[in-house]
Structures are given as C-alpha cells and as structure tokens.
Amino acid sequence: MAVLVNKDTKVVVQGITGREGSFHTKLMLEYGTKIVAGVTPGKGGNDVHGVPVYDSIKDALKEHDIDASIIFVPAKFAYDAVMEAIYNELNPIVVITEGIPIWVTMKLVNEAKKRNIYIIGPNCPGIIVPGEIKLGIMPGHTFKPGDVAVISRSGTLTYEISKLLTDNNLGQSVVIGIGGDSIKGITIPEALRLLENDPYTKRIVIIGEIGGIEEEKAAELIKKGEITKPVVAYIAGKHATLRTGVSFGHAGAIILGEMGRPESKIRAFNEARVLVARLPIEVIDYLKTI
Amino acid sequence: MFLYEHEGKEIFKRYGVPIPPNGVAFSVDEALKIAKEIGYPVVVKPQILGGRRGKAGAIRFAENDEELIENAKTLLSMDIRGERVERILIEKKVNIEHEYYIAYLMDFFERKPIVMFSTEGGIEIEEVARTKPEALVKRYIDPELGMKSFLALEILNDLGIKGREARKFVPIFMNLWRAFSESDLLLAEINPLVKTIEGEVIAVDARVMVDDNAEVRQEWIKEFKEKRGGRESIEYRAKEKGISLVVLEGDVGVIGNGAGLTMATVDLVKEFGGEPADFLDIGGGAGPEKVFEAIKSLTQLPGIKVILMNIFGGITRCDLVAKGIIEALGKLNLQIPLVVRLTGTNEEEGRAILEKAGIKAYTDMIAAVKKAVELSKEGR
Amino acid sequence: MFLYEHEGKEIFKRYGVPIPPNGVAFSVDEALKIAKEIGYPVVVKPQILGGRRGKAGAIRFAENDEELIENAKTLLSMDIRGERVERILIEKKVNIEHEYYIAYLMDFFERKPIVMFSTEGGIEIEEVARTKPEALVKRYIDPELGMKSFLALEILNDLGIKGREARKFVPIFMNLWRAFSESDLLLAEINPLVKTIEGEVIAVDARVMVDDNAEVRQEWIKEFKEKRGGRESIEYRAKEKGISLVVLEGDVGVIGNGAGLTMATVDLVKEFGGEPADFLDIGGGAGPEKVFEAIKSLTQLPGIKVILMNIFGGITRCDLVAKGIIEALGKLNLQIPLVVRLTGTNEEEGRAILEKAGIKAYTDMIAAVKKAVELSKEGR
Amino acid sequence: MAVLVNKDTKVVVQGITGREGSFHTKLMLEYGTKIVAGVTPGKGGNDVHGVPVYDSIKDALKEHDIDASIIFVPAKFAYDAVMEAIYNELNPIVVITEGIPIWVTMKLVNEAKKRNIYIIGPNCPGIIVPGEIKLGIMPGHTFKPGDVAVISRSGTLTYEISKLLTDNNLGQSVVIGIGGDSIKGITIPEALRLLENDPYTKRIVIIGEIGGIEEEKAAELIKKGEITKPVVAYIAGKHATLRTGVSFGHAGAIILGEMGRPESKIRAFNEARVLVARLPIEVIDYLKTI
C-alpha cells in the first residue's frame, strides 16, 4: 500500500486503442497493473491485449469495478476524456497526453479539485509503486521497491535518477512524475503532503527544473516544519540561460520577483536545510547521509 | 510564444482595446510611407521579443521626415540585448495626461488568472509594486465566472478612481479580458495604458504571451508565425519538425529526450568543463524521423565538434531511436563523432540495432557526457 | 416564441445538425420551383406553430409535379386546430431505416437543461415514454459544464447503441447542444431523428422554442420575426408597443397590469357569466402611452361591447394610467363604455385626474367586473 | 423579526439612479426600509433622496454595513448586478428587473444556490414584512402586520389579495412576490419551507398561476407533512385557454405530463387538502375557517 495507488488499484485506460495507449497497456499489464478496461469512444466492443474496450467509462463501469484512470488520448480530446473520468469519480487520473492548452488544463484541474480528485499530469510519465503497480510510461525495470519517494517535474530525468537509486540499492516507495506543464494536477508541495503521511516513505527526492515556483513553495512547507521527512533535491537547468527572455513581463516580475530562477530555488532549499545535488549521482550520496 | 508589440496590438484591436494608429516597417522607406498616412508626430519603436526597450533607450520620436529617417536608420541597425532589430513600429504620438498599468496574467501555481492595475504606469512599475504597493491592485479571477465589470470598478474604486472617470476604464478591463481569455493568452500587459489630454484611454504598449499548445485552436497563431518570416532559421525549421531547439554558443551538440533530461545534460556538459552548442529536445515518443532530423539540425551548427545524444526511453522507445541514428549515419555523412547514451524502454532492441552498425552506446550518462567533452577538446 | 419547422431547421443548419435539402413555399408555384431544385420525391409539410401535424394527417408526399400541385393546394387551404396554413415546406424525402428521438429542454423547476434520447422516435414517443421507459433516456446537464460527448456516448450505450454506430450520433448531440445553449433556446426537439438507409443521421423535423427575453442578444430572432410577416395582426402590433395581447372570442375587453391580475380578471369575467374578448397585459411600470395604445388596440376588436380596465399599481403608477385613459378618451372617440378599477401606487393622484374628466373609478375588482359583464349583456 | 428580512435589514439599491430605482427608493424609505447605500456603476459620488451612491458594492461596504440588495438595473446589466451582489455575499437579493433571458437567470440562480444566498425574483414585486420593511415595489399601504404569509407568482394579484386580507383584518407576517419568470430564485416550495419555520406565520396563502410545476411540488410537500401550517391557494388562469399551444413539444409532455394545467394544480392541492379559492374573496372566507 502506498500513496494514491497500490497493487489492488483497478484501472481503465482511456485512449487504449491508440498507438501509445495500446503499447503501454501491454507494458503496464506485464508489470502487473490491474487494467480491467479500456475506453475509446466509438471503439466499444473491441479488445486490446485482452482488455475489453468500451465507448464510455460508464459503460465499462457496468461490467467492472474501476478506481483510477490513465489517459493517452490526443490533446484535442483530452478535455473530454479527463472530464469523463472526473464525472465518473475515478481517482487518481493520470494524464500522459502532452500539448493540452493551459487554459484547458486550468479548467480541468480546478474541476477535479472541487471534487477532491487527484490529477497527475498532464504531460507526465505517471506514477509507479515499484513491485505493485505502474500507472504510466516509465520503464518498469528501472525501479525497485524501497522507502525513497521521488517527485519529479521531468520525465526522463526521473528515470535517470531512479535508475541511480535502484543501482545503488535505494528502492522506491513511490515515484510520481508530476509532469512538465505550467499548470498541472498534483504539484510538488501537494505531493510532499501526501508523502509526509505515507508510512512507506522514509526519504524524499525532489527533481525540479527552472521556471515556476513549486520548488520555492515546497521549500516553504519544509521550512515551516510541515514536512518532517528528509528531502534531497536536484534542479535541472542550472546552467541553462536557455529560457531567459521568456520572462512574464512586468506582471511576472511583480508576482514572481526572482522566483523561478535556479538560484532562487537552490537558495530556498538551502534555507529549508534541503541538500541540493549538483550532479544526479550526488542525490545518492546525500540520501545515504540522511 | 511572445508576440511583437504590433502583433499584440493587432489582437487588442480585434477585441476593441483602443490603440493609436500605427504601422510596422522593415525599412526606412516603409517607415516614411506609414508616417505620411498617420501624420506626425510619431513614435518609432523597435519590435523585439525581449522586452525592456524603454530602459535601453530605444524608443524614439519624430516630428518630420528628417527625424524619422535618422531614427529609423539607427533603430534598424540596432541590437538590443543580443536581439537584432528587423522591424520598427511607427505610431501616432498621443498626448499623455497620465500613465496607468494594466495586466492579466495566468498564475500557474494558483491555477487562476490574475488582474493587476496601477495608477502609476510606466517602466518603473516594478519599483512602484515594491515601494508603493497601495498604488497597485492585484486580484484573482474566478476562472469559472471570469472577469466582471463590477470587479473592474472595485479595483478602480480602491485606487481612488470613481464615478464617470472610472467608467472610462471599464471597457479596457472587459475587452482586454476577452482578448486574454478567448485567445489562450498567458500574459496580456499594457504598460503604459495612457489617458490622453483629450480624455481617451489608449493602449500605448502591448506585451502579450500566447500558449504554444493553443495553436491547434487559435488560427491566428499560425498566421502570425507565417508573417513573421525567419523561417530560414535552424530553430524554426526544427520546430516545424516537432523538435525543440535552442542554439547556444559552445561546441558540444546536445540531444536529449525530455526537457528535464536535456537540461540536465547541458548542465553536466558545463559541470565537466565543456561548452554546450545547443539545447535540443526530441520530446516524448519520438520515432526514427525525429531522431534523424535532430542529428541533421545539429550538423548545420557552425563550430560543432561532437554530438552527445542522451536518451532514456519511457514513452520514447530505444529501438526507434536506434533506427533513426542508423538512418542519419547512412544519409548524412557525419564528419564529427557521435556519443550515444541509450537506456530505458526497449533498450535491448535498441542496443542490438546500434551494435550491428558498430556503435557501442553508453548506459551511464556521466560517462557519456565526459566522453563527449573530452572529444570536443581534442577537436579544438 | 415557437419557431416554424423551417426556421428551426435554419438554426440547426447553422450549427451543423444535418437536415434534408428543402425550401419554404407560400404558393403552389413556389412549391414547384423548390421541387425542381431539390428533385422528387419530396415531402410536403404545412408550417404551423401548434405542433402535432402528424396526427392531423397533414404530412403529404409527392413523386411528381401533379401530386405536388394537388397536395400543396390542399395543404395551403387547410386549417389545423384553428391555425391557418400559410406556408408549406417542400423537402427531399429521405430513405428511413430507423426513427430516433432527441430533445434538449430547459427544466424550469430544476433550473437545469435536460437531454432526452430514444431509439423509438416518431409521433408515438409520449406513448413510448409511458409504456416502455427503458427505450427513452433522460439526463440532466450540469449547466456550468454543459453537454459532453462522453455523456452522449453514455446515453447511447445505455440504449444499446455502441462502437462505430454510436459515434454517428455524437455530432448530433453536440451540435444540437450548441444550437440550444448558444441561441437561448428553451426547447430543441428532433422527432424523428432519422438514420437513413444510406447510413446518415438527419433531422427530419424541428420543434424549437426560443426565450422571448433573449431578443436583445439573439439578432436572428428579430430577423425571423420580420420575415414572418403577419405584422398586420392586432396582436403583433400590440407586441411592438410592449403590450401582451391575446385575442379571444367574447365581448368584454379586458385590460390588466401584470399577467396574474389580468388572468384573474379574465377568470372573473367568466365566473360572473361574461365572455372575455381578450387578454391584454400592459406589463409593469406602464406609462400613459402604453395605456393609450392598449385601449386603442381593443377598439379594433370586432364585437367588443365594453372595456374593463383593472389596474393595481405597484411599479405601475395610477396617476400615469389615469393620464393614458384621459388621452384615449380625448383622441379615440370611444363608442363603448369603459369600466375602470384603479388602486395602488399614487392612487389618490390617479383618481383625482379621472374625476376631473368625470370618470368614477372602482376600488373593488369584483364590483368592476360585475359592472362590465352587466354592460356587455345590455349591449347584446 | 420574520423570514429573510426584518426591520434591521440594511439594504443597498442597485440601479438607484434610474427612474424606477430612484422612485421606489423614495417609497421604500418612506415605508421605513433602512436603505443605507445605492450603487450605479459610473455614478459614484452622487446621492438619491439622501442615499449616497457608489460605483460598486465593495466601495459602499467600505462605509456601510449592508445585508441585502434590491436590484432595478435594466435586463442587459442584470447579470453583472446580481453577480456583484452574490460576490459580496448580500442576502437576500431581490431582483425587480424584468426581461432577463432565462439562460442568464439559470446561471445566476445556480451560482447563488451554491453559496446559500436567496434570490427573490427576477421580474417580481419583492418582499414586504408589514410595519417593518418593504423591499420591493408593492404599494405599502395595502399591507398590515399579522400572521398570514402570502407567497405569490403574480405581482398585481398579490396586491389585490393582500388588500382583501388587510380590509378583512387579516394582517400579514410577510408577503413574498416570487416573480413570474419561468426560472426564478425562491420558488413556492422553498418559500413554504422558510415559512414553516417562521414563528410569526400561522397561516399561508399561495397565489399561483397556470404553467410550471411549483404548485404541484408545493402540494407534494404539504401532502408529505413537511408543511404543517394551514394553506389556502388561489390559481389565476383557470379559464385561460390562453397559453395552450404554448406546450413544450413532446419533450415537455414527457417531462411534465399534465402538470402545469390549472386542473392539475387544483387536483394536487385538493389531494393535499389545501382549499383552492375560486374567487379572490374566497381566500378570506377559507382563511377564516382554518
């Protein structure tokens, strides 16, 4: 048992008949994820890797118990797919889809929040509880069970660091790829709160990036003592002057100040006594000291 | 994507936010033609995406052809913070009575739009926000209900603008909101918003950012991009292929999958003493074509000494990446070494494909980065 | 306001709900011209606002000019439940494989839109709803979130329509929803919605009601009204003046302020043995002009014996009503008695004005009604 | 003290500078209603009959305590005005304005309900607690204090019957003109629930009309025993075949059946043992018997 999902979580795959949906359904099934149904509007009656396909979640619910959803539909149909999952009270809803307009995500996330439903993503690798359930697109063999939780804004960097953890015998209680979009479901601070109450998590790794203020807000929580478990962080983009010029005008400067820059994030973590790794491998070194 | 001032104003105009008569010129001749149409005095403003022109002293005025010629020439040969000025906006000068500030911004963390208004607009607005916060009102907007004219009046009232005077500003609030919320904008800022001596309220500047993901439902983004030109640039062509490329100044070509991993790779090249030549993210779920195009793009960068490819397969499959690499090696006649790091989904299949072609891919990122940096130094 | 079938279909078409090729004709010649354009076989349908034509046997078919001429003639001289047929719709006949039913309706009590769909469309749909409720799905729609395509699929699935087949109906659900929610409709009903032998899904009928209050923001309502003609009718002209008038068949002209009071007045005329000639509500806050126009309207009703005016001032002021009465008496050369009941806001002032002109207004409604009925009988 | 409002209720008039707003402000003030402020956007700084005018409710709230609002703005501006009152948590909100599109009212009423705010109207005469407060456009002298509550869908018919009550020495605890629009704030059943809990109300008069199903729903409540106070009803439009033809298609027939017709309403009330007056004066006769 872990946060959000576990080995008993029954899952529907929305967009199961698509290329990615079908491919990853296979991999998730191989990992042991209990995928009980798939949904693709207009493809009801088919099956994909032995999973029956329905036109709608409601139709799938007539035949199966379903807890959670993972969504692979193209961006154009994402609003409807996520809304359908929300209406049917699935929780959590993992949105793999990338390219969803920010205003659309904003509406979806606010609607889910109103109904106390967790969205992971969009544009994310999903969530994995090693050895129990993989609800995402991460390569399963990279992970192994343990007590380190990983929260990450980056997809591939998550795999990178998780592999280092695994190779160094630091198993994971849960790895949550919260996604790279500006507006998202679960944020770093929200994930921290969940993990603080998770008995299987002893230590936490945050993989951040330049931009946004989630890392600063996370550091604030830790500093206030609301998160007591030890945390190690890595920030990608320290040397990236890449995104300068992509500031948000005076308005952004007024609201954000210096927040969003790598220095701001590192400073905030330092002030919260969170160790910030310079190289990915340092995450391992730091974890071993705490 | 940031819009040029003149593009932002075009959006404003569509939604009824008043702007001064203007035209965009790419040459002195065009500038003169526009000035003739709209009449002197005019303001001459370089159109750049970086912002903060005002502080760079790049906003000029002209009372007649002579002054316009001189200023247009100067500006069209200018570089502002590394950005080449290719186009200038010629705009009817307005008679400023007072400068205000208004902006709508998407607050990503709170997942809500925010509106800001100040009675003290101008380039020092951030200073005002810091030292005189009572002159700037910020307010969150319920995303379900949207902006309301009474909220505009509340904000104006809070800043002491009341009655008939307040009423003048309400249409700006409402029309700018429509532009912001209906056009998938993330920022719509007017600084200064000017009240003229004649009593009109006019947007004299426009700082607008649109969500890149919205191109599918905002036809005009494509139109703007097409008009922009610059399609000969490597970055633009890469984008057309679905590849995110930013050209830097070093000699280690970096290709990664996923923004985070690619950024981390760039960071590591730096950490180990190398100089990244670019940031290139092939994104999630790339097939062989994208990999091919990515390598092809980098071969066009001058001074590049080595290509470092760092792939950790998730939704991206290693076998498809390997196929793309083989295709590139076959077709591109690569003159520089290629260092590949490959792991993740379908890793075995990918490695097998590369090994057949005699390429040994790294599993460890650090080792690959170190090798690439080493090769870049040998080549110097 | 109810729309004619052809008007409803025009709205449907704008929103992408498929309809058969058609045209509206006011004469046999026009009908032939339309049939020539769209080709035989055609359906000929009287355009009336009352509904239930099907049961009245007023839907005809024509394979050729001869049949069309005959049917068009018959229909154009028809009266259906008291409604004169002035126009007929000539429509390409479709090859029906199956008839469905779909409707969006505003549920006033629940304050939410409702969607209904049935696999057993046709004129017996109410019977289906009663005896075979499983063949008809009703579902409330969250007014904030609107209709969703997955809701359409859920409904279709519940009726056993699945997969590729279900997908065909989804655009109808979505486009009809847009028509309904964006056009201030209160009812948008298609019965039957036909699946043709060729596999298309087409709206063969249209029953549409639009909110009268929405005219200010739905430009097309005015356009439709103008095209409708019938502007020579007393009711239409009254409406133009902001007066709600329904002509009945009796001889006691009734004027009231407020629908409830006016209805109660009509009821009382009946109770006391009279026959109301009309229902005329001058509405709330009427000034002298409206009162004048109201009286003027009634003078145009044939066979009217007395006018009974029942005013209880609230937002309506008795003094202004009195002024209107004086004006009417002065200008209209009224040949029939006027019984006035006047009480409420500014009652004293109103009475004073009438008394100066020699009119004694009643305070008690019953007394006034009795008097009016009495006068109507004297005049018989 | 009575339901919804009382002599201490502090009121803002929205649209106070308009013809109706200004006229009725005067009459309400004369009646003793505590109108503390008026709002007309763009007219802030003026005054109307001594009541200070503000641009916005928020601005008025800086200077005054305000509980409730009464709205006279034209239909075109009603959405904004009501929404402003809702945002500022005024309660109740009396909407006199007529001609508001039904879809607009639907959104407003749902929004108010979410926030537990009562809307009376639109297109209504308002509410009066005789001798305490008049928040509406009814002629004040027609009413007098007592223990009969009146709920009415009709404007002028309310005055008519209230006058009969007053003339027959049957004073009123409260008179609520809920308005004549198809979608409205407080409905007859909702008003009944409020009155059931009002210690000042002993008897209730319902003034209904043909159309809609409020009367039937009210009868249902009474029949179920949820309303225990004696009720007398009057239905306008019994002889009005006026609105036939204005049926709501098959859809209306399916949802409503026979409901909405006068016979249906009278039958429902009869089944709930509610006396239905044939003539307005019979309301008095019936009230005296119960």
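Labels for the chains are A, B, C and D, by order of writing; each one numbers its residues from 1.
Please note the rule applied: contacts are C-beta pairs under 8 Å (C-beta built on N, C-alpha and C of every residue); 3 or more make two chains touch, one makes a residue touch a chain.
All values reported here derive from a predicted model rather than from experimental measurement.
Chemist: Assuming chain C simply isn't there, give the groups of remaining chains that still touch in a chain of contacts.
Modeler: Without chain C, and with every other chain where it sits, the touching chains still make one piece.
Chemist: Which chain has its C-alpha centroid farthest away from the centroid of chain D?
Modeler: B
Chemist: How many angstrom lie between the centres of chain B and chain D, each centre taken as the mean Cα position?
Modeler: So the centroids are 55 Å from each other.
Chemist: Report the inter-chain centroid distance for chain A and chain D in whole angstrom, where each centroid is the mean of the CA atoms.
Modeler: From the centre of chain A to the centre of chain D is 51 Å.
Chemist: Note the residues in chain C that touch 2 or more other chains, in rising order.
Modeler: Those would be 144.
Chemist: Between the chains shown, work out who touches whom and classify the graph as line, ring, star, complete or other.
Modeler: Shape = ring; chains linked end to end, path closes on itself.
Chemist: All pairs of touching chains?
Modeler: Touch list across chains, by label: A-B, A-C, B-D, C-D.
Chemist: Sort out for me which residues of chain A touch chain B in the complex.
Modeler: Chain A reaches chain B through residues 20, 24, 27, 75-76, 96, 98-103, 106-107, 109-110, 123, 125, 137-139, 142, 152-160, 163, 180, 182-183, 187, 207, 209-210, 212-214, 217, 234, 236-240, 242, 245-255, 278-281.
Chemist: Within their complex, state which residues of chain C touch chain A.
Modeler: The contact residues of chain C facing chain A are 145, 148-151, 153-154, 156-158, 162-164, 166-167, 170.
Chemist: Residues of chain D touching chain B in their complex?
Modeler: 41-46, 54-59, 80-81, 83-84, 87, 111
Chemist: Considering only the defined contacts, which chain C positions touch chain D in the complex?
Modeler: Answer in residue numbers: 2, 49-51, 101, 103-109, 111-112, 114, 116, 125-126, 129, 136, 138, 143-144, 181, 184, 186-187, 189, 191, 207, 209, 211, 213-214, 216-217, 246, 248, 256-261, 263-264, 266-268, 270-271, 276, 279, 283-285, 311-316, 343-345, 347, 365-366.
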